[in-house]
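Each structure below is given as structure tokens.
You will see subunit A twice below: alongside subunit B first, and alongside subunit C after that.
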Partner chain A sequence: MPQEITIKVGFGNQFRELTVRIQDDDVKPWQPSDRLHLIGQSYPRVDAVAKVTGTARYAYDQQPEGMIYGKILRSSHANSDIVSIDTKKASQMPGVKAVLTVPDVFEDQTARYAGAEIAAVAATTEAQAEAALRAIEVEYDIKPHSVTVEDSLKEDAPQVGRGSQKNVVRTSPRMGRRGGGNADSRLARQEAEVKKLIDEADASIEAEFRTEVQTHAPLETHGGVCTWEDGRLIFWASSQATFGFRNEMTSGWSRVKAKDCQVLAEFVGGGFGSKFSAGREGVLGALLSKEAGVPVHMMLDRSGEQLSAGNRPDSIQQMKMGVNKDGQIVGTRIRSWGTPGAGTGGAGAHNDAIYNIGETDKIEYGVRTNTGGARAHRAPGWPQGAFALEQMMDMAAEEIGMDRVEFRKKNDDHPIRSVEYDIAKQRIGWDKVGSSTDKTKRTGVGIASNLWFSAGGGGASALVRISKDGQVEVRNGAQDIGTGTRTVMGMVVAEELGLDLEQVTTRIGNTDDPKGPASGGSTTIGTITPAARLAAHHAKRQLLEIVAERKGWNASELDLKDQEVHQVGKGSTNLNFKDACALMDDDAIEVLKGRPRRNYEGFCDTNAGVQAATVEIDEETGEVKVKKVVAVADAGKIINPLTSESQVRGGVIQGVSFALFERRIMDRQKGRMLNDDLENYKILGAADCPVIDVVLLDVFNGKSNTQVMGLGEPPIVATAAAVANAVSDALGVRIYDLPITPKKVLEAIARRDAARGADSESKPKQKGERL
Partner chain B sequence: MAMQKPELLPEDVCPCLRTKTMLLNTEYRRSAFEDSFTADTAFFHCLRTMAYHGPDGDDVCPDGCRPGRQCYPSPDEIT
Partner chain C sequence: MEDQPLDSAEKEGVSRRLFLQGAGAAAAAAGISRIPGEVLAEEARSREITELGPEAEKITLKVNGSDKSAAAPPSTTLLDFLRNDLGVTGPKRVCDRGSCGACTVLLDGRVVDSCSMLAVDAVGKEVTTVEGIGTPDNLSQLQKAFIEKDALQCGFCTPGMVVACTAILNENPKPTRDQIRDGLCGNLCRCGTYQNIVEAVESVSRTGGK
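== the complex of A and B ==
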């Protein structure tokens, strides 16, 4: 029965009252006046010891009896059709138990990039499986290839796709089925209107920005270990979507067609957006196990991971912005291109969000290349979009002679971010970043913003069990991919029951337990914790009903606090939690509750965030050192500051890595990835890591009973952009391409010095000088 | 073998189509199909090929995976 209540929403000194209709027996969101004993306190992860001592068992660690090993044969050609595959020799080799081919399993005769799956083998040992792969004979129809956007855009470029597929397709705005009317004429009208606004603005700026492909590189590669028991598929999967994985295994549309399937993902070594699907490796593993009749270990090797397990698409972003002298942006034109591999969808960039950038004329193109396919990658489209947009913001501010931060504030109406700018400035020492004492080194400071939009939603249930002996357990079948979900879920239940965290056991990562969401869109904790709190609340009420009946008290006046039963207005009854549980007749109280499907109106639909970075650049070597990043973040109610900080630090680290190091290098002649390992695919290491100063704002947003907003993705949005702006501030010349390598820095310095007509040492750089 | 169409797919989109947002909560789920964002960042794959192209070799996408396509299941395959 919906119930209308008044709650306080806001943060800092910005609170207001809001009337909301809560649903489905939900509980009132925590209020600023509530005395919370766990929520808002830092707690180490409950599985921290297991992880650092190696006792946590990941998919990779599973070794069911009789397990054999699966391996995948990959195409060495960038673009080909499979004419034939002869597996006879491989099938007869020692230890080989099963062999499958891609055309048979996946109805696919094509191999559209070097690394595409061709066949799979399961054998007793890894060495036997690899030997058998070498014995498979494949006849290819090899076609011309293109592995870069530039090559695919050429008029005489080879066709990457098949049939009538063009290399370049307009992917956004999608006006196909639902747009109606004449899409081209509407786009032309929009283009003319925005052009007029920009032409009539007091000033305009224009630039082209480029970002490189960032491959997924989780420590635990994709795949899992699987076995069949009486027709039921059991899959220990490295997955960020246990229920989605199960759906793919049991769907009648897939080749596996398991009648029943249990997916287990108690510990997952990272996902970052790439592990929503079982992938071809998952299907092949299940089918090899079925054919061999024994468990199969099918995990990608590092090369397979870098080639086939997804990436963040690259981008070429052309932007033109019109701005008036008072700082208002009046219009922005955007054209962008990116490659998601052999397809065309998904390579867009969020370069028109965060700020009010006036009327927008934006068109995106997907460009086919013969490369491994992209997948969602921590804030898909956002870091590359922010990299372009935030540099445009700095350039526009410089053009009209306005302070960079004031210019942002002028075009930003986010109620939380408006406060975060000043915190970031103060913590980074915005006005104090001076010159280096080393005359060959330059220092600079940059700023950029985040935006995110998810408070979770329906689709999760939690089971809370209070046993007669005082044990408490909470269960949800979703996974914890390293974000701290397990810990936070336990904290919410412990808070509701007035217990310590160690008194609650949290079970997670098993599809036999209540349904949970995929870890995507930064929605996991916002989706699960309201269900957990709701289940805990109703379990508590059942327990207090029993206590009231046995003790002759009024249940509506009872609550659990500090591990005891309390009476409203009177304090402790001196009945502790364990003794209260012992009053049960039954063995346990079990409550299963689903999260309300809809969020409440709340304080704000989005969360913000601002990051400021300082850099030091060696002008002789071109090396950029990110010295410090201040990350001001908000994510609704902060349940556990420690795990929240960890999320922010992870986003910043990945963002700095994107800014300075990561790129997929393709051999245009051979069509192959040259750095499909972690030796040559450079990722930021400990020595490259800046000081990261995390500031968390606690926001009572009221959107659910726990008020959690997403935090996994937003911290990566701003980082590369803030670093790029700091580099420009330091050098007095802008670098438009990621990663910002020493070579690009030295080239930029040469460009700057040539424009100044003098040696940089004899002519100090001018802050804000545009070149 | 007749197979039920997942409830999350809009209209007549092929039941073999999958994308991340179908696995997420109700408020997020349809964003990939409704052009909620001005950037194209959604990836779609086919359950039959487990790839971004379907059995017919063409792209997997909400606009393209519709009745009339060669690999679209026949009516008696969908309940």
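== the complex of A and C ==
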């Protein structure tokens, strides 16, 4: 039977009462009037000591007895089929213990990008493994290739796929059986309707935007260390989905088919969406270890990481928007193209969300190219979509002569974001961003928004153990990829038990422990913490039952606070936590609880967020400096402001990096990635880092007993868009392509000055036109 | 190329000649080399240059205050020797070519990328890795500041960052914000901890510790 309870939901000065049904054994969500002793205060990470002393052991650092090294041979051709592989010489090389080929293991004869896996070797030393790779002889059937969207779109383009696979596939909208006629005819009707709306609007604007492929570049590469014990695979993995990896190793596509598997990932050197699958490197590592009979260390080198371990697809986004003078957007037409590599899915851009953009006619195309495949990348599709949409918003506001922020508010009904605009404006000094004192430098300010959906869901259990000696432990087998999940899990349990954080031991990253989610969709914290709190709550009740029985008290009047047993309304009983635990007959109380599968009715299903950025641009060199970013963020209840702020700063920094630097450079002739490293693939460094001012809103959303939402992805959505709008504000001319390099800035200035020259000859200025 | 660079390199006794000597036979056969291998070998002997490898040799390094030995080919980088042969896994291999700083160690107190030098070139010098900066039971002031300021997320760049920041403070106990940022230019972080790291260094600088 579900319980019916009344709770307060909302934030700031906007609270309301709500009667909701919650699972019968669940605890009431924390209320604004609750006096919480550690939730909402900043705590350093529980694993920080291990990380600053080098004692944290990542997958890369595992060195089980007898370990040897695995290496992967990759194709240097952009598009080929493997005719034959001769591994005889390689297998006789010094130190070589096992050799596998991709056609044998994966039954795949194709190598559709330069960097595709061909074969793998395990040898006693890395140098021996590398020497053996060089001795493998491969005969390729080399085919013509295409590594850019433009080339793949050409009529006489080489076929990237095999069989009847087309280079270009319409990936959205996926029209179901709604309405009459086939999908094409329905899309044609939609196109005509939206065209009419835009044509009849007071004004319309139109532009084409482009973003580049961004690699995840986690500092710890993909892979892991594998060993077998009595038919059981032990896999220290660099993983953001420990249980997903286990499933891959025991079933499914991987062909490892271990009878049993333990995945261990206590420390993970970043993931950002690229480590949901063990990948071919994981499978090859496991199988090499099986064949060699010893542990195998199989971590990608940096080149392999950049070529084959995923990326954020590029985008070409054509947008046309109709807007009325009162600021209402009436209709938007969108066509976009992007390449996820040799496949076609996952290259969409979320340029139709966040605001109400009227009736929408949107079609997306996935374009096959002979490049490394895309993987989910921190808010997949969102930063590139926001880059286009938010510039359209600025252009539309300018076109009808409306303030940029007022125009956004007019087309936005998010209850939290409506407050966040003004906080962002005030903190950045919106009206005070003046001109630079330096004649050659110009300053500008821009704004953009986030949207996310990270309240979490079912799929996690937590085990809380209170020992007779007063030790407390919480276990969940999921991973912490740097987000702070582990610390927050400990804080939730310590809060429930009235303890200090140091008194709670946290165990994570081990699939022998209770199930946890993949770190995806920023849902980890919202999924794990309600289970942890629930398990802690029931462990506490069991302990208090024992105390009540021994002391002759009424259990329902007891609670744990300040490390003591309290009686409701009477305060401390002077029985401290440790002495209470000593009253147990058994060694420990252990409670395993699963999270309620569904979220409750609450205040708001989504997180919002607004960011404002200021830039300073040197008009002589074209260099753009992002000076400051104000990031207003919300994520339900904020458990740990310290680590929450870090998440936001991290998102902003990757966003600035995406805006100014990052770009996969392909050689169209050779079909190879030219910057498969970290010196020519530029990511933001300390000297490029803006001042980041994080404002966190604490929202009681009522969705679960902790009301937490994740914060990994939302902050990266707006940043590049806010920077681009600030650049336009500074220069008086818009840049439509990422990254915003000095070359593009100088070209834009030249276009601007040429147009101004034309203006002075009394030609009318075409607003919104691409100069 | 002008003669000058080669001459100055030889004066410094770098291993260019040894390299040429090793490559000598093959190169001579291919008609490339103008310098007979024997002449080079004689010169090497007269200069008391030790020839090593290509087989594994016993290498002894002073790491974090104590001598540690292992057998490794002389072509082994300092980073690989530390990690694979000595089991010192604090320094990380990330880019393996000196562009990210995750492998940063101190060599006689100076910052080096351990992936981009040979272990044998560190013989006779003090190698300090993150493990030598402070331990869980005895953290340095800087390590404490990293923890308090949350100057780490995934933590994979952190060992290199801690060593680089230690060197910044060793060189200048009162660095400006720009000096700290300049000092970090060899170290990449993908999670985005730069601002927190700068704040950590500043907090140590304010209190005068290390």
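The rule we apply is simple: the second predicted complex is superposed on the first by the 748 of 771 C-alpha atoms of A that agree within 3 Å, B and C clash if a C-alpha of one lies under 4 Å from a C-alpha of the other, contacts with A are read in each partner's own complex, and residues count from 1 in each chain.
By definition in this document, a contact is a pair of C-beta atoms (placed from the backbone, for glycine too) under 8 Å apart; a residue touches a chain by one contact, two chains touch by 3 or more.
Everything quoted here is computed from the prediction, not taken from an experiment.
Asks: When the two structures are laid over each other on subunit A, do subunit B and subunit C clash or fit?
Replies: fit
Asks: Which of the two partners, first being subunit B and second being subunit C, lies in contact with A:521: first, second, both, or neither?
Replies: It touches subunit B, and subunit C stays clear.
Asks: Would you check which partner chain A:370 touches, where first means subunit B only, second means subunit C only, and both and neither mean what they say?
Replies: neither
Asks: With both complexes superposed on chain A, which partner does A:218 reach: first (subunit B), second (subunit C), both or neither?
Replies: The answer is second: A:218 touches subunit C but not subunit B.
Asks: Pick one for A:277: touches subunit B only (first), subunit C only (second), both, or neither.
Replies: In the superposition, A:277 contacts subunit B only.
Asks: Of subunit B and subunit C, which one touches more residues of subunit A?
Replies: B
Asks: According to the stated criteria, A:362 is in contact with first (subunit B), second (subunit C), both, or neither; which is it?
Replies: Only subunit B; A:362 stays clear of subunit C.
Asks: Between subunit B (first) and subunit C (second), which does A:411 come into contact with in this model arrangement: first, second, both, or neither?
Replies: A:411: touches no partner chain.
Asks: Look at the superposition and give the distance in whole angstrom between the closest pair of CA atoms, one from subunit B and one from subunit C.
Replies: 21
Asks: Output the subunit A positions appearing in both contact lists, the one against subunit B and the one against subunit C.
Replies: Overlap of subunit B and subunit C footprints on subunit A: empty.
Asks: Would you tell me which residues of subunit A are touching subunit C in their complex?
Replies: 44-45, 47-58, 60-61, 63, 125-127, 217-221, 267-270, 272, 301-302, 481-484, 642-643, 645-647, 649-654, 677-679, 683, 685-687, 689, 691-692
Asks: Of all residues in subunit A, which touch subunit B in the complex?
Replies: Listed in rising order, the residues of subunit A that touch subunit B are 106-108, 110, 112, 161-163, 165, 171-174, 176-178, 241, 243-244, 247-248, 251-255, 273, 276-280, 283, 340-353, 360, 362, 364, 366, 373-376, 380-381, 385, 454-460, 517-518, 520-521, 523, 527, 597-599.
Asks: For subunit C, which residues count as touching subunit A in their complex?
Replies: It comes out as residues 73, 75, 80, 83-84, 87, 89-97, 99-100, 102, 129-131, 133-136, 139, 143, 146-148, 150, 152-159, 162, 180-182, 184-185, 187-198.
Asks: Under the stated contact criterion, what part of subunit B meets subunit A in this complex?
Replies: 1, 3, 6, 15-16, 18, 20-29, 35, 37-45, 47-53, 55-61, 63, 73
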